[in-house]
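Before anything else, here is the set of structures, which you'll find just below.
Heads up, the next two complexes both have chain A, just with different partners, chain B and then chain C.
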Partner chain A sequence: MTAGTDTAYRSTTSAARDGFAQLVHAEWTKLRTVRGWLIGLLVGATLVVGVGLLAAAATHASACTIQSATGQPVCHGIPAPTIGPGGEAVNDGFYFVHQPLTGDGAIAVRISSLTGLISSGDAQPGQPMTGATPGVQPWSKAGLIVKTSTTPGSAYAAIMLTGEHGVRFQYDYTHDTAGIPGAVSATSPRWLRLARSGDTITGYDSLDGTHWTEVGSARLIGLPATVPAGLFATSPDYQQITNHLGGGESGTGGPTQATARFDRLSRQGGWSDSAWTGTQVSGDQSLSGFTQSGGTWTVRGSGNIAPQVAGGSDPGQGLERTLIGTFAGLIALIVVAALFVTSEYRRGLIRTSLAASPRRGRVLAAKAVVIGAATFIAGLVAAAIVVPIARHMLRSNGSVVYPTSTYTEVRMIVGTAALLAVAAVGALALGTILRRGAGAVTAVIVAIVLPYILAVASVLPVGAGQWLLRLTPAAAFAVQQSLIQYPQVAGDYTPTNGYYPLAPWAGFAVLCGYTAVALLVAAVVLRRRDA
Partner chain B sequence: MTAVRASEPPLLDHRGDPTPSQARRERWADLQDALHAEWTKMRTTPGAACLALSTLVLTAGLSAAAAAAASYTPGAAQDPTKISLTGIDLGQAIIAILAVVTISSEYSTRLIATTLTAVPRRITMLAAKATLVTGVVLAAGTAAVLTSVLAGRLLLPGNGFTTAHGYALVSLGDEPTLRAAAGSVLYLALIALLSLGIACVVRDSATAIGVVLALLYLFPILASAVTDQHWQRHLQQISPMDAGLAIQNTTNLHGLPIGPWAGLGVLAAWATAAMLAGALTLRLRDA
Partner chain C sequence: MCGTPIIVTARPAHRRPSCEGRRKWLLGVTTRRSRLPTVGGMDVSIEVNGLRKRFGSIVALDGMSFTVPAGQVTGFVGPNGAGKSTTMRVILGLDAADEGSATIGGRPYASLRHPLRHVGSLLDAAALHPARTGRNHLLWLAHSQGLGAPRVDEVIEQAGLATAARRKSGGYSLGMRQRLGLAAALLGDPPVLMLDEPFNGLDPEGIVWMRGFLRALADQDRAVLVSSHLMSELQDTATHLVAIGRGRVIADTSVADLIAKASDGRVTLHTAARSQAMTVLAHAGATVAASDRDTLTVAGVDAGRVVALLSEAAVPFTEISAHRATLEEAYMELTRDQVEFRAAATAEPAR
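What follows is the complex of A and B.
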């Protein structure tokens, strides 16, 4: 009857801490102890490496030419590319009319015409200009150049007139500054001036030869005291891109020739009085030459002074070819990530998980941290292994892999790992929303892999493919781009050739955005819905 | 009484086992029962109808988008029919889910134990599922392909694919287009059988769909990355997706790595292999 003094039983063990670290530890224990998931992570990493190595082993590049005497194809490995001062692969083919310049000095000239010839697609070997049509390429170049030596790939600075891009000051292949725009004619010539002071070269342009404007200047490190300097002309191969059925496009093309007329040449400083020497700096000599009569020089040349770009006539490939296994690894890791949450629903473990940690958002966050970290590490190790080995295999198979800077290489490897991790977190979020493994896996794979296929290997036009790689999560593969797009080089900058429409980290951010939205929806749904 | 009995074929032989003709009849009746049971399962859960509808919407949607994005390029050999059927690339993923969950959802809910108690002949159960899934996919696929062709017919002339440029209207009256359209429906059915076979082996739905999509999507990516033309052709010849979708080409058939029907045959070989592997594991393994 009387109220007892008994107190309710209380366990003497102290309550476990429920910090976020404990939650992460619990999720890590789940991931670590399910054998199938560990195998899945391992399979993902192995696929990144294995597929990359297989693709490299299956690539035997060779350049074949039909020998005119016997009619038999003669194949040989593609020659190693010329490397410029910045370490990039370059083309350095032009006709150079030069004299030695010792110490400081300057040269100025008037250019009154730039014309050209474009070879026809079916010209005979040995006679490339049979049936050629007149026309100048947008990036045909003629003007003044100072170069460390006549060796291909050496440092240079030049002021030039181009076919359609006006006057430009360019140096060391990758640098380009615009001067006076517009084309030349006999009534509207351009004046060009190049001055050396120490190891600094400065380019000027003018419309009348008296009022000069500085276009740009460059310091060429290690410029010797005596350097070849003078007039040059060159014209890049033209390309015609054809769309092919079933995917991609290919280019046909051929050599072109530029012819420039110079006069009113004047020099100051340490020039010698020796005769002008004509040198073809790598490339086809049959399209080049110069004539001098009185004060007028006519210089013809073919080739290009520019960094190499993928696609078209340059046979190399980007380093991202070594990471082709990312797609295979991605699928395996997406499956593991989706199962990491959907199997909790299937087995009812989710109720235990949410009972142990009633703040549901934190459970989701802990899961995301664990699956993100695990897939990041798996991807990082795999990418770091496959890139150097596959590059070595490609090169020993005779392929040209364009050199990349260390920063680019690190960005590609870390970016690949981050791509895999963010995609896995996305799969986890969709798995939470849909609660079905099949739906979540399909949605993520279709969102990331299918747009890539449609962009690089389908009947869609290039423009539509580029939009897909801007708007869909597949944009993230831009983080693997090793090639640089140069506005001053005409190239086939399409996804098929490894050029993405977005900058590397901008593309990655698109995937992050989709994943963030999915995580947010997953957190809301998890909180609102009965488990 | 006995006279009537004598005129009927014997049901049991002298040992008391069913005679061969009677056994065949029983198996046929079993299959009909199994089909009816599977149809009831599919009819009464919303999943299949939802997925069939998604196939129609997504396939037609992507096809229409591709037709709207396509542009006439002088000199390039473009294939209006293939452009109109681009949506199959996406639709096949939904078909794969439909086929995979038909069997794997039974494993995840343990319904498989009940199913196999009711239909102890496992091959009969698989045959019933395969027949039903094929039927549903043929229906959904036909609707999706017809809508896609219609979208191409309406949208492509606006993008320069006109008779003035040498392109006829996409029409099922043309034999190659009819072949491409009918072949695309068959393609989806074969993808469903391939997925069903893989799901029998793998059982888990997420893993099975991962395997199916890897098999479909990885070959085209590899083929686009390998620069060696010889390897590229070989990859496209054995790839279930590249080879199977060769059925959609109506122009430049000689330039293809594999002919339309031969390509669909490659996919049929993949599907057969998957179904055989599925049937074998279903028979040999404990459910």
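What follows is the complex of A and C.
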């Protein structure tokens, strides 16, 4: 064979660079030139928005109380939650026995008993402790507190004894440090000390009142020169959650009361000599009070100083409620994603695609980039629209939507778009493997949507639901979690209430893992199979 | 005729395109030259060497080997199931052969970076998304090769699709789909074209157009491989023939040779005095067959001798010509041997 001196035809089209960008361009042209697919993307986005808005419109929240005089219920919209210094919704209900402290100073006290009462389920209105049983809540609290003011939601720092979690130093609702563990008794009391120096409050604990250990300290910015400081007691509502076989849960709850006994109180620094004042800082006054006889103070209180959490006695819900339509939009988007490849198999067009680009892995990659980007944008626009509007509607309808940080909100919106995009790429990969649209769509629905609904709609027991949200691609819905799970707050941290077993991006990574495996298998079979 | 050519190309005179083809090609295409490997002085563009492929227990390709020269339309013929489409898919790297190789200009298809600039192919005219317009179908294909919309509009014009290009391809007739497939094959202006049954679904006018078009492409020194299961479609189009059966090549020959062989020196005679002529010629030792009321096919004596004999005997005749077999007849002649071969082959295992 020799190089011919004769001539042969040569293409006159200008030689373009051989780039992956060309393939992406070609796949994008394919996607945008089938109107049904563009409509499918639009339907997906519309479902995310529409279902979210419908759910918000259908939610009407109100709080009812039985009037003790008439026995008739009186209903009103749920009041806006108290907002703490960090912008989060908080409970700030406790009984506060205080004196003004001006400038620096310290207070120390011995606590020798912490007991409590738990209301019975059939207590009469107005007499909540009728038939109550003795018992202290794990997070009943009593100790020393310094607070900006007695206004609920104001900044504070406190050293306290808890029902079951030993000594804790807490400040500004969300911060918690552990001290000496264990419960107290008359023979094993605890010593607590709280000192102010400028803006800094430091908490100490001790077993003997002589050897002190620092538990923690906090800077409370803008603390006024004169602040109320002193003793406090509080006890959160109890909750009994029953998980039913086959899913669903029901709960009972009611108020509780904590009673703490303090003595050996000592003070240094700028204290006045006025009498101790008892103040109920929001909540039910009927369960609170204090007595002082000689050097002994007995303080009773009910309520909680803690961030609010969803699902318990607190009335609010997480912002992810606005994204309830994600699963519906997901179904539309994965249909488009699967058809994006399976329609080529159905028509034999895959041969044209692979003849135009013999390096098959790149064709798959270009398709994934295009469908991923298109579904990401559809999801991003939809989520960015529905979150603020549905939140406004929910609040207008009387619901409490817990405030979230800007970062969390951006993470929820971007995460939702990313969830939709990665699920769509997964559908594309399955479509490549199975070559059938119906099969691929069914597989993705079974893998993502079904576990999500089973777990979140409390069809399954909580434990099973949580395992589904760890192991299946539905774990990715964790990117929508807006609520924070606080170890120092007793709550019903279930998927139904918006708490996922995995951290947001960790859950998302589970979906990414499944999609990566599916893409890899798709690339291998695409290479090996005759087209 | 064509009139004066407007563009002077570097093409040698003997390879001038036909008038019809040239008119179309002058619209937007100029030609450049390059060197391709040659065999026996001819440009070879597709080279298929010993392809074997099984689908389960069925042998689809059984040592398929042939070459497709440039500057000709090569007919790729054989009955349905003979392996035409499978061979084409292997050439395009879509199916993997168990053995053997297929190259385009000496390179395997999979190594081509912008393959449509090397080979344009039409495998299945129905392979379209019905909701996409013909133009958009060409557009994504163009984008995949780094080409733009202007080139798309050129091939739409060349394939005569201008009026239908912006309609959804789901509404196309089979003939329009064939034109769209041809336009797609032309996108990269490739030196090699490979078309599977391009005449399917074309109306008579379309068949004439397609024949002219294919000849014009070959006249530009492109290699054109056209498969068909109907020989009549390739009449006056193909100058080379690769006939296959059961996954292997039966004949690889020029059409002129094949027809000459099938024509075999026979003479066609038109005469009103049929019986007289038959008598005279038979006496002279010729084999005479009546093929029509006033037409005779004469074998055994050449045309000059026929004229002399008839003139001597004063038998009137209106026309005498060398008999030219149709491609179909020639093909039948070819495959008759193959049928016998097959019969012998199938008898063998019984022994």
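In the analysis below, the second predicted complex is superposed on the first by the 511 of 531 C-alpha atoms of A that agree within 3 Å, B and C clash if a C-alpha of one lies under 4 Å from a C-alpha of the other, contacts with A are read in each partner's own complex, and residues count from 1 in each chain.
Keep this in mind: contacts are C-beta pairs under 8 Å (C-beta built on N, C-alpha and C of every residue); 3 or more make two chains touch, one makes a residue touch a chain.
Because the structure is predicted, anything quoted here is derived from the model rather than measured.
> Specify the outcome, clash or fit, for chain B and chain C once both structures are aligned onto chain A.
fit
> A:Gly318 contacts which: chain B (first), chain C (second), both, neither?
Neither chain B nor chain C is touched by A:Gly318.
> Quick one: classify A:Val335 as touching chain B (first), chain C (second), both or neither.
The answer is first: A:Val335 touches chain B but not chain C.
> Name the contact category of A:Val446: first (chain B only), second (chain C only), both, or neither.
first
> Can A:Gly426 be said to touch chain B (first), chain C (second), both, or neither?
The answer is neither, since A:Gly426 touches no partner chain.
> Would you check which partner chain A:Gly230 touches, where first means chain B only, second means chain C only, and both and neither mean what they say?
Neither partner.
> For A:Leu460, using the defined touch cut-off, is the partner it touches chain B, chain C, both, or neither? Pick first, second, both or neither.
first
> Hey, in the superposed model, what angle do you get at chain A between chain B and chain C, Cα centres, nearest 10 degrees?
Angle at the centre of chain A: 50 degrees.
> Which value in Å is the smallest Cα separation between chain B and chain C when the structures are fitted on chain A?
12
> Residues of chain A that sit at the chain B interface in one complex and at the chain C interface in the other, please.
Shared contact residues on chain A: none.
> Which stretch or stretches of chain A touch chain B in the complex?
Where chain A meets chain B, its residues are 51, 55, 58-61, 242-248, 317, 321, 324, 327-328, 331-332, 334-335, 338-339, 342, 346, 399, 436-442, 445-446, 449-450, 452-454, 456-461, 463-464, 467, 496.
> Using the touch definition from the top, list the residues of chain A that touch chain C in their complex.
1-13, 15-19, 22-23, 25-27, 29-30, 33-36, 343-344, 347-349, 351-359, 530-531
> Using the touch definition from the top, list the residues of chain B that touch chain A in their complex.
66, 69-71, 73, 75-79, 82-83, 86, 89-90, 93-94, 96-97, 100-101, 104, 108, 204-210, 213-214, 217-218, 220-228, 231, 236, 242, 249, 251-252, 255-256
> Touching chain A in the complex: which residues of chain C?
Within the complex, chain C touches chain A at residues 10, 12, 29-39, 41-43, 45, 70-71, 89, 92-96, 109-118, 121, 123-124, 126-133, 136-137, 139-141, 143-147, 151, 184, 187-191, 220-222.
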